[in-house]
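In the two complexes below, chain A is the common chain; its partner is chain B in one and chain C in the other.
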Partner chain A sequence: MMYHLPLLTSSEFATYLLNGISQGMIIFLVASGLTLIFGLIGLINFAHGALVALGGYGTLLIADATGSFWLGLFGAIALVALLGLVLERSVLHRVYERPLLGFLGTFGMYVVIEELISFQFGDQARQIASPLPGYVSFMGATYPKHRLLIIAIGFAVALGIGALLSYTRLGMEIHATATESETAEILGVDSARVYTLTFVIGAALAALAGGLTGPVTSVSPGMGMSYMILAFLVIIVGGMGSFKGSFLVSLIVGQITAFGWLFLQPTYVRLGVFVAAMVFILYKPRGFFGKPEVFE
Partner chain B sequence: MSELLSVEDLNAYYGESQILFDVSIDVGDNDVVGIFGRNGMGKTTLLDSIVNRIDRKTGRVVYDGEDISEWETHDIIREKIAYVPEDREIYPALTVRENLELAAPRTIDRSTREERLDYVFEKFERLGERESQRGGTLSGGEQQMLAIGRALVTDPDLLLLDEPTEGLAPTIIDDVIEILEELVTEDRAVLIVEQNITRMLPLIDRGYMIETGRIVADGDADYLDDEELQDEYLTV
Partner chain C sequence: MSAVAELRRYFTETKRWLLVPVLLLAILPLVTEQYFLSIATQAIILGLFAISVDIALGYVGLFTLAPAAFFGIGAYSVAKLVVDYGSSYWLGFPAAIVLAVVIAVLIGYGPIKRRIGLVYFVLFTLAFGVLVHDFTYATTWLTGGSNGLGYLTAPTLFGIDLSRTVPYYYFALLAVVVVAGLLYWLLSSDYGDVLHATRQNEVRMRYLGYDTDREKLIAWVLSATVSSIAGALYVATVNVASPSLMAFSLTGEVTIWVVIGGLGTFFGPFLAAFGLTIFESYLGAVLPEGYLLILGALFIVFVFVLPDGLVGLLQRWRDGE
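Moving on, here comes the complex of A and B:
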């Protein structure tokens, strides 16, 4: 269904622009953990969606119990990171050499965790109270403070992970292990430790995404999977394993989604994003910044 | 002379294929030992077995009095054993400096690490000139220097070198031999695997001949400098 092409005022434009950025940041926060894990380990981690949901529910429960959103968020991140550590050390490290088993195994984990959440808390969506309620004025528009918080944290995470990968010893070890783990070993790098740390960081990012977006979109057992579909699109178009590709494409998808709603119903906008991504991948199979070995 | 490294009755396998058969070798402190043999005789597998880079092995590898047979590769390397593999295994997307920094042990402080990098850049001036260049853009000879430099930043007590002159142009081989001549006079043990015995004999104290995974001869450089022996085990 087509809408009339509207003329935007500056305040409307600012609102759509900020909506696009915040939507892009939510997608990025989910995609960043997936990208790290895929880029290093080559594992397509379906369980990531369940970790997002656990982050949301963990934040909700701890915030309810303590009255502090931030305690809830950081507590959930710590608990989900710990769960990530247990999953990686107990099961996942055994399937790194077997991608199909890894794919099926993590999908199984997703289903089990989602069903457990559903069994325990029901299927109804629940709202988390924002630590920053209210609105701010921006270019004549009023905009929710929490969405600006998501934008700020999204940029901070992008800069932080970018700096970790580019300027730290761990970043070099992640690069070395992802490129050739046997060579990393003869340089004294404990590749198993690097895999574990990366998986734990990815799990923590999933929990951050779940907890942070709770006040905007509410939390529900299936919340992770709805983000995962867009997150997979982002990491494919950005280039499998490319962190900067995920960031760039998340922002593009966010803007297309936000401004697309001016012209089309949300369902058609989403459909258009997937069709555009499919056409793009046909012409550029590696995505924007993908490594050649992923597809060749 | 006390033994720094003892390989005892080593049998090594890739999948179902047995590559080494009851191999035993010794390397003493500050000893320079060569392993010679034709292609495919098990020379690289012997080095891979020492640092546990193979599928399966039996027998013992004892280093500095400790049985390291079952240790993880990175734990063996952290015991000051450095390995320069045959195909160099440089990280092409990392710069020369980053390749070296990655190899420097986590446990040393920043000033010691910088001292060791300076030592490598002094030894290999061409690497110093290309410090910010990506490893993948270096020539074959420069990559070999980087691979050796990467080993030296660990300040190893035992240096394992796999075919250091393999695939290099003759003039570059001269440069590498010159570097090896310096390395073997320093205070460390060296185990060199090579086909080019003529260039290696002046460098080594002792050596072993390997044929289809078995040690078939061993002795000092004078003993190995024998045309008949070399014809039998090295001539293609």
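Moving on, here comes the complex of A and C:
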């Protein structure tokens, strides 16, 4: 069904804009973990969506038990990062040379984790209480504080990971291993350690996304899947393995979903995003910022 | 030559051993009750679906995440014609085949011609699969949206009421045996060897003068078409074509069946799909939510420990003797 294009007041415009940014930030947090793991290891990590859901449920449970959202969020991040470490060290590092097995294996992990959550907590969505309830008003609009918090954390993480990749020794080692792992090893980089650390960082980002989005969208066993599909498409359009690309494209997709429904039903907006991603895969597989050496 | 050796030769050197499972399936209605038979009907149809996915995944190595989309296209073709246009049930099958061929060519031509890598093919078909599912969900005027298209049953043919359990079981068995038989005949021919060789070393096949893009496209269209036929057969067993028939979870399940059965082994995926569907119905009585959990755990074991699947396991056991 088509909607008429209404004239937006400035407060409505600000609300949509901020909705788009906060939505984009969640997508970015999911996509950044995926793109780090993909860019370095070449692994399509299907278990990522399950880690997002685990982050959400971990935050919910610890926050319920202790009464502190922050304790819940950081506890969930630590636990999911630990799980990432265990998964990577126990099985995943064996299949890096075989992308098909890696994809299938992480897909199996996704199914098991999601079903375990659904088995334990049921399928119904559950809400997490925000640490910052209430609203702020500006430009005539009232806006939930929690979404502003998401935006702030999203930007902080983007800057932090960007700095990590550009200015630290670990960042250099990640770049070196992604480009020429053998040469990097000759020069003294412990590539196994770099792989493990990257996977753990990716898992922690997934948990952060799941916990942060809980108060806005609620948590359910399948919550990771819809974000992950969108995130996959974001990292294609942004350029596989490009951190900057996934940040920019996440924000663009966030704005498209926020403003798109003024013209079209949300589902049709989603359809448009998928079609765009398919066209990109065919005609511009490196996206906007992808580098040629990254996996074809 | 002893009688046992003679018998073994009779069954193994020719393909006559295939008659055994077919005969077992044929006498199944005589020894089971109605409820089990309706599950068995779905299980053999899903077995055909698994074979169709094995053509793309196992034979040519095209890792598709869109099989449920084609399964659903088949189911909706039949349901749309019967429910909304009141036309004949039988018209649904050619419609399902034509629609699947057209869409498969449209979707497959670009990625296969441009030779995009494994990762991109996975994501391309993932996007297509989700697209088809969301489209079906959103276009209520065309597909009935979340309610789906129902209610439909199989018609009467030559005085036999196919909407009853036993006749539909035999109808589905006949259809599956005919389609799977044709596929097996095709894939046992040189064409099957070309596909296996293309998967193993595509560059060398091109040097040998094979148009590998064409062979892959043919296999892709074949796979999609058989998926669609399976969907068209399936819809009469559930009476409603609903978006769940194209959901990602079905794609996940069929991928798991194919890997557990053994990639590129034809019978393995059928066996795994059949066995696990029956297992699901038994488990449903004891532990209703445990099926996917067990399936996922089993899948992980197969991927990391037994990547050759059930058939590989059998072969290893036979060779070890």
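List of remarks:
As a convention for this text, the second predicted complex is superposed on the first by the 288 of 296 C-alpha atoms of A that agree within 3 Å, B and C clash if a C-alpha of one lies under 4 Å from a C-alpha of the other, contacts with A are read in each partner's own complex, and residues count from 1 in each chain.
What we mean here is this: a residue touches a chain if its C-beta (ideal position, glycine included) is under 8 Å from a C-beta of that chain, and two chains touch if they have at least 3 such contacts.
Every value quoted in this text rests on a predicted model; they were computed, and no experiment measured them.
In the overlay built on the shared chain, the residue A:44 is in contact with chain C alone; chain B does not reach it. Once chain A of one complex is fitted onto chain A of the other, the partner contacts of A:67 are absent, as it touches neither chain B nor chain C.
Once the two complexes are laid over each other on the shared chain, residue contacts for A:278 go to chain C alone; chain B is not touched. In the superposition on chain A, A:173 makes contact with chain B only, while chain C stays out of contact range.
By the touch criterion defined above, A:160 lies against neither chain B nor chain C after alignment on the C-alpha atoms of chain A. Of the two partner chains, chain C is the only one touched by A:229; chain B is not. When chain B and chain C are set side by side, the one touching more residues of chain A is C.
When the two complexes are overlaid on their common chain A, residue A:103 makes contact with chain C while staying clear of chain B. Chain A contributes residues 169, 172-173, 175-176, 179-180, 182-192 to its touches with chain B in the complex. On the side of chain A, the complex with chain C involves touching residues 38, 42, 44, 91, 94-95, 99-101, 103-105, 107-112, 115-116, 118-119, 225, 229, 232-233, 236, 240, 265, 267-268, 270-271, 274-275, 277-278, 281-282, 285, 295-296.
Looking at the complex, you find that chain C touches chain A at residues 61, 63, 110-111, 114, 116-120, 122-124, 126-128, 130-131, 134-135, 137-138, 248, 252, 255-256, 259, 289-290, 292-293, 295-297, 299-300, 303-304, 307. Contacts from chain B toward chain A in the complex involve residues 51, 53, 72-75, 77-78, 83, 85, 89, 91, 93-94, 98, 101-103, 105-106, 150, 154.
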